[in-house]
Amino acid sequence: MLRFECDYGEGAHPRILQKLVETNLEQTPGYGLDPYCESAAARIRSLCGTPDADVHFLVGGTQTNTTVIAAILRPWQGAIATSEGHIAVHETGAIEASGHKVLTLPSHDAKMDAAELRAHCTAHFADDSSEHTVQPGLIYISHPTESGTLYSLAELKAIRAVCSEFHLPLFIDGARLAYGLAAEGTDVTLTDIAHLSDVFYIGGTKVGALFGEAVVITNDALKKDFRYMIKQRGGMLAKGRLLGIQFDTLLKDNLYFQLGEHADQLAMKIRGSCLGKGLSLYVDSPTNQQFVVFPDKLLEKLEKDFSFSFIAKPDSTHTVVRICTSWATTESSVQTLCSAISNL
Amino acid sequence: MLRFECDYGEGAHPRILQKLVETNLEQTPGYGLDPYCESAAARIRSLCGTPDADVHFLVGGTQTNTTVIAAILRPWQGAIATSEGHIAVHETGAIEASGHKVLTLPSHDAKMDAAELRAHCTAHFADDSSEHTVQPGLIYISHPTESGTLYSLAELKAIRAVCSEFHLPLFIDGARLAYGLAAEGTDVTLTDIAHLSDVFYIGGTKVGALFGEAVVITNDALKKDFRYMIKQRGGMLAKGRLLGIQFDTLLKDNLYFQLGEHADQLAMKIRGSCLGKGLSLYVDSPTNQQFVVFPDKLLEKLEKDFSFSFIAKPDSTHTVVRICTSWATTESSVQTLCSAISNL
Amino acid sequence: MLRFECDYGEGAHPRILQKLVETNLEQTPGYGLDPYCESAAARIRSLCGTPDADVHFLVGGTQTNTTVIAAILRPWQGAIATSEGHIAVHETGAIEASGHKVLTLPSHDAKMDAAELRAHCTAHFADDSSEHTVQPGLIYISHPTESGTLYSLAELKAIRAVCSEFHLPLFIDGARLAYGLAAEGTDVTLTDIAHLSDVFYIGGTKVGALFGEAVVITNDALKKDFRYMIKQRGGMLAKGRLLGIQFDTLLKDNLYFQLGEHADQLAMKIRGSCLGKGLSLYVDSPTNQQFVVFPDKLLEKLEKDFSFSFIAKPDSTHTVVRICTSWATTESSVQTLCSAISNL
Amino acid sequence: MLRFECDYGEGAHPRILQKLVETNLEQTPGYGLDPYCESAAARIRSLCGTPDADVHFLVGGTQTNTTVIAAILRPWQGAIATSEGHIAVHETGAIEASGHKVLTLPSHDAKMDAAELRAHCTAHFADDSSEHTVQPGLIYISHPTESGTLYSLAELKAIRAVCSEFHLPLFIDGARLAYGLAAEGTDVTLTDIAHLSDVFYIGGTKVGALFGEAVVITNDALKKDFRYMIKQRGGMLAKGRLLGIQFDTLLKDNLYFQLGEHADQLAMKIRGSCLGKGLSLYVDSPTNQQFVVFPDKLLEKLEKDFSFSFIAKPDSTHTVVRICTSWATTESSVQTLCSAISNL
């Protein structure tokens, strides 16, 4: 059985494990105040072109989303996301558990439309009984999105403009950032992400780390006291250096970006096989997640040897599944899958 | 500089790293539904003598405390702890952030007194305007406590009796459990802990794991839907197997208990040196944390080569520090410290 | 200017004020433990045919919704409402502030469809990764709805059946209950509401009281400790008897139901005038709230003498407004409005 | 039975009821946006000498405390109060339910000591691992306190100085403010309260209103969006004018202050009787709440005709009760009580 169901099925890139082994018996201060975290933070500031950014390392994505969002919002504010946003759907109400509504806008292949965002904000702040509804407090988008799609630079700038107009911070969930930056045809770079957002994160869990998300805060107003928030929300790892070591390794010698490119190229091969076979795409994604519509009979055959994630049942005879590649996916396993698809 | 300030200054026991390396490229399902978690859970059920217990693996202590407590309590209930309880003092209000007050009882070297607990509960439930105050909803104790002290079996049973009388779950924080179970003279075993509590955890972070706490729920009423709670509170690690692998390794061949014994024996050597030098103990702890009162002048000298945690300043010329050993502390570094103390 | 914008524009029914004056200098225990609250609760139990129900009096609707919902749900659960549900839209995220997501289903003139509810619950509990999404924990509906519409008895029973199937409590918001029970053609009675729900409330604020909502809990499992919750959420009025006196007066001699009938009859006259004039209804409501589509030019004229609530702008030349009657609306003011509409 | 157990046993001052009757059928906008609220707010600004203050009317004390505190604090901050502070003890954990810890300092007859406050804040902000503990976010004191005691102007200024030093807002709970301002010997005026605090409230519930607390926000930084918070926390009364009418009446012609004086003078008579009888005071209070130690045998006799609140049982033969006067207490009932005490 070859697993293509997600991008977190294996451990970590070998260089990371090697570094963990090498440093294992060193003694360092806890809670992220060690030299490895410092070094990783310095690399991130440099790569982002944001010398004054604050960088913090958290363990997982849901934790990161909740911690960042709850740190920013005032009690009567909500986070605006699309109706497919990870925080709106797949975090068991973590944002609500912190006291805040997720306000949803329509999803366009999981992307937010700047004009719809402007319309929502305009309507709220123009309403003379606005205090009866949740006030927009920040904008949350994912890049790549939950459907693997990407914003163009123009689209990001349009969203940024609305944020600026209404003084709303922009928070970009980069859980799969490497796969977005490496996609063919994208015009969005890491420095764009860093400069257009107020806070974003560089995902490690799904891109070669054992775990870990690096939060980058560029907006000065959001920097103060963030460590209190990490501690309170359970994200302050006692052995914080494990995060520093991982990001320091990932961001050295372009490894992070190469892992993204590797996965995207393999995903494009799978996409090609599917299209070649006449299968249709549920969403057209240029990144490591492919959403493919299969006739149920073909899928049944394929699932004897490969595992995918179930996404939807668009009609009684078809099923949509997600096929993921990752930093760990091998050429040969993709070749095996592509052959199997072609031979269906 | 030799560090004795905490028990989480190094990485993980080498057997754990080795196992992580060996399994690194295996593909497993995520979120704790893998064979390693299953195996570790089975070991724990067996060691505890609780074949029906639910076992869950979380990342860190604050997260575990909040997740368990918030899962148990109803909104108008609080957790009873001592005034030195970790949840009362050192978690940045994580319990309160989940909506619940920490109700504090006096600390007796960080231990709770069963009679005082009974008096508090009796008074609350006898008050005919009890709805104006927070209702006790569970009892939280640590074993070893935050001061390294231990409950005797009789003391634990007395607390258990109060819990049963008032139908209040008992939650035991076992962040340093190994160091408690291995202490000389203790009459409390792992099966006692498992049978006297409704839920407890076996700490990994401070006993040889990179990170991780194993929650054991023995009370059927508390089992339902706990995975929702882990996910919502950010504790469901995508690569959950990392936790399974670590606990599976720690609990194999008695490693966990041996690490506890190792650290306790070294702590007793340090304790002996301090007493031999005429220093007094702030708390008399039989476990890996020693709380020692130093004249400031002696401490200054010692701190040129060794680091400790500052605890208190009992008067203008003395300081209390915490000296920790751990699974990773070596005989030779303890010897160096003991010599330095003797030669002060 | 005659105000038809809402049903809470005046004070209280004169009998209530008279009773408040008569009892003003009596001394009673506080916090709802007085004889007036007892008497009102007894009337409610009797009128509902639920001799064992617990009855509590709270001050306002948002407070009541939050208190009831937060008392019922566990942290990982949400309340299911329609997308127009008051809790989903008009309470500034009060439910989320208590930690819970409002899960929305489509609105059919503000009503929930039992089949869609069943489909949602079935899908959630059948999902083998259900712990990643919010668990349905209770069903919230309003009767009358936010659009003035009413469930038929068959529709209520169908929703009740889904609730029973999935062991989910049904909470009915009766902020305007009198206007629903008195509507022409309804086959739903107060005893139906009481027997089909697990908890509901009889609204006072919008039906002749100065303020006040009477919560009726019929499900034994939801009764325990509810007074703690009222106190914690700020709903326990020190002079609780003010609520008892008001409901005791409203529910004596059928006053409450007569006020409902009065308002509904006047609303039907307004409806008739609008239809007679060829205006269309945005929603066809049999109760005291009428939602009418006006050409902007006609509306401008009318708004010189009458005030309504703005609801929507369906196109560039039309506006939807809400026209409300209430217990306090007079025949003559309705006559004035109807003439004005006819003469437009 | 004459009731002296609390200061909210009767309805409202007759002038308030009269005004409610007079205005009953007027139509006004809801939610506090009516002319009566405007007028009452203008009176308050004028009486306080704070022309730019924001004034909001809420229903009850617990609600007001929670709404103000939760509006001010960031998630990692707590409110500092004394260990007897109402928010620390008698609100069923309402502050914690909003996510914030109540940090307690020693109570000196329910008063906070400025030096202890400074020491706490200094220690917190000097700690280099301060993020592991709750950050002080505001200071909460009551005037009069829960024990009826009063701060001197010098004491208030000392607390204010600490607040300013650490940039912490000062919130004064004035639930019984009238009884404090009218006390013999106090040197604290309403304008002092308004100028030394960042936000405070003028209590109505316990001083002649049916209900209601008037929140006065003088610190510009705390004004924004407060109406959202009132709505979300259930404190925005639909018929908000009821609050405006009550405060407009109370604050006209010095009624509020006269009611305070009336109650204080009667309380001093009771105090005199108790001292004359040789009874001791549990706390020496110059306001309407008297805390008296009775031998149990004498108390038993007295409680046949009078009701008090139980406070404590200092030993096996004595009991402390609270004896309250209020705006509604009559000379004759106090005379009856004083005679009964003298004749014990």
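Assorted remarks:
For clarity, chains are labelled A, B, C and D in written order, and residue numbers in each chain start from 1.
Here is the rule we use: contacts are C-beta pairs under 8 Å (C-beta built on N, C-alpha and C of every residue); 3 or more make two chains touch, one makes a residue touch a chain.
Quantities reported herein were computed from a predicted structural model and do not represent experimental measurements.
Under the contact definition stated at the top, the chains bordering both chain A and chain C are B, D. With centres computed as the average of Cα coordinates, no chain lies farther from chain C than B.
Here the CA centre of chain C is 34 Å from the CA centre of chain D.
Averaged Cα coordinates give chain A a centre that lies 49 Å from the centre of chain D. Distance between chain B and chain D, defined via averaged C-alpha coordinates, is recorded as 42 Å.
Shown for chain A are the residues that touch two or more other chains, namely 75-76, 91-93, 97-99, 131-132, 135, 228, 231-232, 236. Chain contact summary for the complex, chain B toward chain C: residues 31, 70-71, 74-76, 98-99, 129-132, 135, 225, 227-232, 236.
On the chain B side of its complex with chain D, the touching residues are 75-76, 78, 89-93, 96-102, 131-135.
Contacts from chain D toward chain C in the complex involve residues 2-3, 5-6, 8-12, 14, 17, 20-21, 23-30, 59-63, 66-67, 91-94, 97-98, 205-206, 210-211, 228, 231-239, 242, 328.
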